[in-house]
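Next come the structures, one after another.
In the two complexes that follow, chain A is the common piece, with chain B as its partner first and chain C second.
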Partner chain A sequence: MSKYALKPDELKKEFEQKKPRILKGDLAGKEWWDLPVEFRDGNWCFPGKPEVLEEIGLPNPRKWAATDEDWKLPAGWENTIRDGMKSRLKRFRSFKLFMDTCVRCGACADKCHFFLGTGDPKNMPVLRAELIRSVYRNDFTLLSKLLKSFSGSRTLTPEVIKEWHMYFNQCTECRRCSVFCPMGIDTAEITMMARELLNLIGVNNNWILAPVANCNRTGNHLGIEPHTFEQNIMSLVDDIEELTGVTVNPTFNRKGAEILFITPSGDVFGDPGVYTMMGYLLLFHHIGLDYTISTYASEGGNFGMFTSNEMMKKLNAKMYHEAKRLGVKWILGGECGHMWRVVHQYMETMNGPADFLEEPVSPITGTKFTNAKSTRMVHIAEFTADLIKHGKLRLDPKRNDHLRTTFHDSCNIARGMGMFDEPRYVLNKVCNVFHEMPENTIREQTFCCGSGSGLNAEEFMDMRMRGGFPRANAVSYVREKHKVDSLVTICAIDRASLPTLMRYWNPGVNVYGLHELVGNALVMEGEKKRTEDLREDPMAGFGEGADDE
Partner chain B sequence: MKKVLMPLVMVALLALVPYLGVAFGKLDYLFGVVIPYAAVAILLLGILFRMVDWLRRPVPFRIPTTCGQEKSLDWVRQDKLESPSTPWQAALRVLSEVLLFRSLFRNTKAELHGGPKLAYGSDKWLWLGGLAFHWSLLVVVLRHSRFFFEEPPMPLQVLENMDRFLDVTVPALYLSGLVALAAATFLVLRRFRDEKVRIISLPADFFPLFLIIGIVIAGISMRYFDKVNVMPVKALTLGLAGFSLDAPSPIGSLFYVHLFLVCVLFVYFPFSKLMHMGGIFLSPTRNLPNNSREKRHVNPWNPDIKFRTYAEYEDEFREKMKKAGLPVEKQ
Partner chain C sequence: MTKAWEQALRDNRQSVLDGWSAGASSLLSGGTSSPVSEALTVELGRLLDAMVAGDPVDEPLSRLTRIMAVQDLPPSKSLSLLFGIVPLCGGLSADARDHFRARVEELALQAFDSFMKHRETIYQLKVDEGRRRMHMALRRAEA
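Take a look at the complex of A and B:
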């Protein structure tokens, strides 16, 4: 277990002591602005390294830590923040409205996974937003300035900046609160603005900025150079051959391919993401897809989204740029959460129009993906669901009989895209045992893994295990009730973070990508007898002596 | 407690102003004509200003919060209300928020049980209280419009008759006033009762509730208890409706308390959270269709960003790419 988190028993004890309350500590007679902000092991991420900031041209590179008394803010930082707010209030109607229209009804209060896991009142979405609203009211609205204590306004001080840094990095931009808000206020939007503002004065997170810099230079978060990127996928090709006897043939940077396939680099390098990648490769081989993978646009994810909308645009621009250079007809995207928030809600606005591509049509089924006819990028779950619906895949769901599954909706896919039924359709076709978690924890009410939006850092472990508690708790419910042991997701951050969360709260539950299970179930032409799944775990009923079909 | 007492004292003092002004200062004209005209002007111009101020700001991205299945493959059933794909469907979504408080209807209450286990129970009280509060206030406001007509139009009379179908008092009891009072009281009490809501509450949250409770109590009092002669009131309101500047005939000072608090509410409205009434229509997470991949959304200030091009990338890695057998543009 990480030195940055309490032991599970200690955290359980904390919960036992305060039940049935979610709030922690006695708040009687206290006001939120008087509560201290305490940085300690496990609740803050290391700041961006000076060389990383210099590489991507962000201000105020220096060595510092959140636990320092003096954060070495740049001269005139108050004006930088004030001007930054002013400009964003002018450019984003959302930001202005969300500053103005909250009635503090409290419907959002117990909807945030970080609140449920920490009991810290400032993790109630309404208070998270009030952290910035209180400054907004002081600096931008006349009446409130006159009636300071009446309207809850306060002056911008270094302590306020520390508080912003703490709490806008205890929000994973998951949008769950916005589902419940009667005014439709979206804390993700407010957090994005706050992080942009903090980046203007060099208050940042290395776990976000290092991937940004890497992605800019090498094309992917991990900073993998082209030859290594290719080698890694080719080693997966070898693994597939060993397991199935089938040789798949991915191509790289190939001009004239019909489809460009882009997935998060976590699928190429991380365990268990690589098994999902093997699933994609098997699927594409199975249907004879004319596709290519780019080493330049080798990242589906976009940590620019957690930095500023300009940085998001800069990193995202590579997708269309590469699609145009290679002359493909359209783009197919792998399983990822925030990647799809960007692709679905931002990409074409920022970097379109995509008039050099064609309206996506499945070359196998002829289905026109009319919902993507302008952006011209299709989600792999949409693509695969269509293949299965048309009977184009030979599947043997029994090959996943060793897994008892449940499905975790990723925040961005759920609340920033609205894709719920396609992955469930695919999952039900490739495995025989599937149970939903309780209804308040799935679909549009799904809980974040606790590590999204660039907070998947080792040193943030205490917060991650607390933030992931509601998700883990829902998994333990189906585990007890239905003996579920496999958590299936369609998000690379989930695949990176949920295994740790499961080891902490639900040891014995493993995390899978949807297309890993597709890969297990696919009956490939010319394959040898399959007895093991893609991670070389034995399948149930396919071992020595079992009847061959 | 300060955050409750401060707005309570404010409302009490505000109620005292017209009482003293009319009873001792003979300022009927000020409170009956000058202030009402000014307050209505501030209300209308203020709301107009705030709405225009919001509408002037661009919506750079199409960011609906999707609470249901998107439109995708033909055989996948779309949730047209929670994941609208056309502006009309999005408009229905907004209306369901405005008229029925749809999102609030989803409300749950989380509790920590032993284990530890998190449990989520349905919690519709806020939805019910909020809905009762807003709808009853709407009925009250509509009902009051009879004061501005010689003969109230038909729909108004129907509404009035429905509102007093419980004919148990003299004069007949209007349900809306009672419901508004009960709902407003509930909304105040929940700000004390629930410790989460207590810590997020500001004086600015209690003030409009106290103000509305004050208005309703004054209104109910002068109808059922300390009865005010309605003829001079009607003469005054008809005069106001006709932009008359005539001085009002003598009316009980309780009426002026009622009227003045309404004027305070009017003046306060455009500069406060009460503007959520207009803001709810503009919320980009609710009023935009979820069709960003189908129809391009244009950002009027889309910045020019220099990104790292493929050519720059190849320049750095060309030799390594060639060695790995990856195709390159330049040899």
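Take a look at the complex of A and C:
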């Protein structure tokens, strides 16, 4: 080392004298991490129930709450976290890279919807990552440990764990910040690692773990048993018949079908997801698709992604297992967000290669989906866009004239897959009124619904309303400017959470799945006169006495 | 001659709004440079204009309290922002000042109703969301 270089003690002294002090008032002179963490009603999610943890074999099952002073962490929890970090730094190169490379430029700071909605500095992605980087530096880099104050290192304490739990559960893994990061840091992956580490010591979220346990047991997040799953869909078949006069014929667990269709279970059980399911059923009937639905691989979503890589892999495995068992050629996937991040970015390397499947080819148009060559799974929006492009659908967009639409890009589809145009193409073919929200709130810059990554818990409602504020604000803009009253999206969590967000911030705006509008617009062979949409709301200009031709 | 409080607010609209907005935004953890603060400023402006014109204030007050009802603040502190306008309206006679203060107090009471309505909405949203999630189960149970 050069004789001119400062010695560590001198460097530390100089830094202490010169470093900027931004905290004022009672916190003057303190470090940023000394800002208190306070759990209150509305800003934390209930922890995993002991029986849920036991069911899926996660450690430290117990009754506790974030507001408790003592979180009943297991003996030796510090070593568990350190060993967990060590193992993950070795196994996940991205994690190691993201711990080392941030230059604190701040480009990400005001891109996070939780920071914009709460103003809490620890919700700036750079600072959220620092929550874990500060421990990483202390425990895994010698120089930083020696220059503790200079490097921003700190010791792992129960307060740090509380802070992690607070802020890594105020990140929806939407990756908007990563779009603006000049170093390419994906904060979502940092959050994923942090949540994995917290799960090692039993610090968790029941809204994530209960669906994981359900999915592990029955194949879907809602814990629907196979017979109920089928009955629900058949009940929607009855609704379709009543509304359109057409009887659609979905099949279940049918060996030898050409295509296996998998969608989030919210489409089979929840409102408004079921209307999107009706749209799929009408579409498949319209084109005479040879498909089947599995009551085992009955969930497109994967809350394992918010728990651990191992859990994500386990829950995802059923898709390929079932495709193999049924002998289908390829898989078609419904409208979902994080499902597509798992499928598009992890499935092939986690549970593939799926050599037993074929490169997807549309049986109707002959289009080869070369982009799905490795996963063998196609997104329904590109499948439908291709059908429309080839003139295979008989559509009457006037049937959606009672809706004035805008489109919410779902984070994982937009930023995780780069799919922006296909859903817009479909939407513009099935409805006549469409207006974009402002440029910096759509496509790759889309704002999250504020409830993704397993944060859609009721008890977290206040924070969800604040995190969803930037999205609601953009909808408010097109509502005032263009009288938009319908927010269309292609994500099941959006369909569950955006109605709530809209009702709070923009009353009068309803939320629709893209294929619900496709279902409205489809002119089916042998249909009766349509006067109502799939929700049984009257269509404009199609009432009694009106001529719909 | 001293002015009525409406005229005083009309004459100094921008400076009153700037001061009111800065005070209100200082209650928020994001300060004055966040979208929440910007939305707050827009609604304070609408409220100010409605007060001056003698128009109904229900809508701007509802929009204002909707923002405040989900902030990390106790209700008393949230609604204290309304009183921030009182010292900003200068040049009033004692009588006019009393009238103005009375009007602001009236607004605060109205805001309390509106604030509570939004809190009730939050609780209703929780219930409705649970019902929507169980839509098909409830439909079968009710059939």
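Note that in this section the second predicted complex is superposed on the first by the 517 of 549 C-alpha atoms of A that agree within 3 Å, B and C clash if a C-alpha of one lies under 4 Å from a C-alpha of the other, contacts with A are read in each partner's own complex, and residues count from 1 in each chain.
Just so it is clear, a residue touches a chain if its C-beta (ideal position, glycine included) is under 8 Å from a C-beta of that chain, and two chains touch if they have at least 3 such contacts.
Just so we're clear, the structure is a prediction, and the values are computed from it rather than from any experiment.
Contacts of A:344 after superposition on the shared chain: chain B is touched, whereas chain C is not.
Considering which of chain B and chain C touches more of chain A, the answer is B. Once the two complexes are overlaid on the shared chain, A:385 sits against chain B while remaining clear of chain C. Of the two partner chains, both chain B and chain C are touched by A:469.
When the two structures are aligned on the shared chain, A:116 is found in touch with chain B and with chain C. In the superposition on chain A, A:183 makes contact with chain B only, not with chain C. Contacts of A:247 after superposition: neither chain B nor chain C is touched. After overlaying the two complexes on the shared chain, residue contacts for A:12 are found with chain B alone; chain C is out of touch.
Residues 116, 231, 469-470, 473 of chain A contact both chain B in one complex and chain C in the other.
By the touch criterion stated above, chain B contacts chain A in their complex at residues 1-3, 6-7, 50, 54-55, 57-63, 65-73, 75-77, 79, 82-83, 85, 97, 101, 103-104, 106-114, 116-118, 120, 126, 130, 194-205, 207, 271-273, 275-276, 279-280, 282-286, 290-299, 301-303, 305-310, 313-314, 316-317, 320-321, 323-327. Interface of chain C with chain A (complex): residues 28-31, 34-37, 39, 66, 70-72, 118, 121-122, 125-126, 128-130, 132-137, 139-140.
Residues 40, 42-43, 115-120, 222, 231-232, 235, 266, 268-272, 274, 458-459, 461-462, 465-466, 469-470, 473, 496-497, 499-500, 503-505 of chain A are the ones that touch chain C when the two sit in their complex. Residues of chain A touching chain B in their complex: 12, 15-16, 18-23, 27-32, 89-94, 96-97, 100-107, 109-111, 116, 121, 124, 126-127, 130, 141, 143, 149-152, 175, 178-186, 189, 216-219, 225-227, 230-231, 252-255, 295-296, 309-310, 313-315, 317-318, 321-322, 325, 343-346, 348-350, 352-353, 367, 369-375, 377, 382, 385-386, 389, 414-422, 425, 438, 440-441, 444-445, 469-470, 473-474, 477.
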